[in-house]
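Chain nomenclature is as follows: A, B and C, assigned in order of appearance, with residue numbering initiated at 1 for each chain independently.
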């Protein structure tokens, strides 16, 4: 099953892709590789979630924030490619968590994005290499930021 | 207009490329992709700027520091390629800001580098995907570090 | 001399590759590029080192931790490729150091990994672009995390 059919089945209705907050592009391609800029967790009303994980956000809430950031990436990819079915492989995810001091369960947080990608693209296309790190600050105090590299057909 | 002609027009006189501060290379290539190591803001006298953004550096000063780091990347690219005209696309920038607690205007800071790249390479070749993050510490306490991936002809 | 012969000469006996701690893969390929997930320092008994550099870990101990993380990457690459001799170039390393406040000698720490890679793969294949940054937190409070991109034949 393709990613677009799978989204329908999951009942996921992607928003329009978001716009850069400064002087860059949401995506840039070289050959078959697409480099996707860092995306934050955009709520249904279009506003970004804000606050530190381990303080304003519990682990469970941060997992959901990472899923929202993943949905924002998917919206960007569909806007860029026309269809998510053109993605042949999610290659590499960098998940950045805006950590309160001492919070170090980043892998569980970033699973919110990785689980989504594997649900949508399936095991063959969706499984990816990944690093999950805890940063001191993120733009606008968002709790999670996701950037990724994918391969297109 | 090519990037080298544009540099002349802008009155930008690049320094010689800088040297690694440890056991690595400033650039490594694979196919048409060039991976450029993290670069800091080198002043005209060759010394690095040092201090945290939101404390020792204001937003405006940090923007200039990001531009200086971008100039250091350009110097490395010219040293590696002979001419910046061989760059067909700036693909991806990772901008890291050495943040004082609570400073989260990283996108505006990293525009100091992105604005430069687009001035020099133009809209088609210069526009790039990007992530901007706030890190706890950077080598030598530099305020900004820029790494990037570009494509060569 | 190939990397596998060089490992023997150095008396390095790689462990089995480690497993992901969450929902991702240790490696993902696109074309000739292999993207390797973030790896931490795994001790001979299989346990991860834990603690901040500049506090629980001295510079020298952190250098050794970076070497251990590099060995974990090599174990993953051998598990994936069957032989390290299939690696044609280490392209790019991202070294993340879990810094105590004020510690900023990350380049010397990450040399623990870079020195190993150059010892094993030699100057032509082992030398790489690199960024070294200080992050606020790392998963499980590991002192160092290494991710890299390499090229395969």
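Operating definition for what follows: a contact is a pair of C-beta atoms (placed from the backbone, for glycine too) under 8 Å apart; a residue touches a chain by one contact, two chains touch by 3 or more.
On a predicted model such as this, the values are computed, not experimentally measured, just so you know.
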Self-contact between copies chain A and chain C, residue sets same or different by half: different
For chain B placed onto chain C, the superposition rotation in degrees, Cα atoms, nearest 5: 120
Centre-of-Cα separation between chain C and chain A, whole angstrom: 25
Multi-partner residues of chain C (each touching 2 or more other chains): 31, 33, 135-136
For the chain A and chain B complex, residues of the former touching the latter: 20-31, 33, 35-38, 94, 96, 135-141, 145, 147
Contact footprint of chain A on chain B as seen in their complex: 31-33, 89-93, 97, 99, 101-108, 110-111, 114-115, 118, 127-136, 149, 151
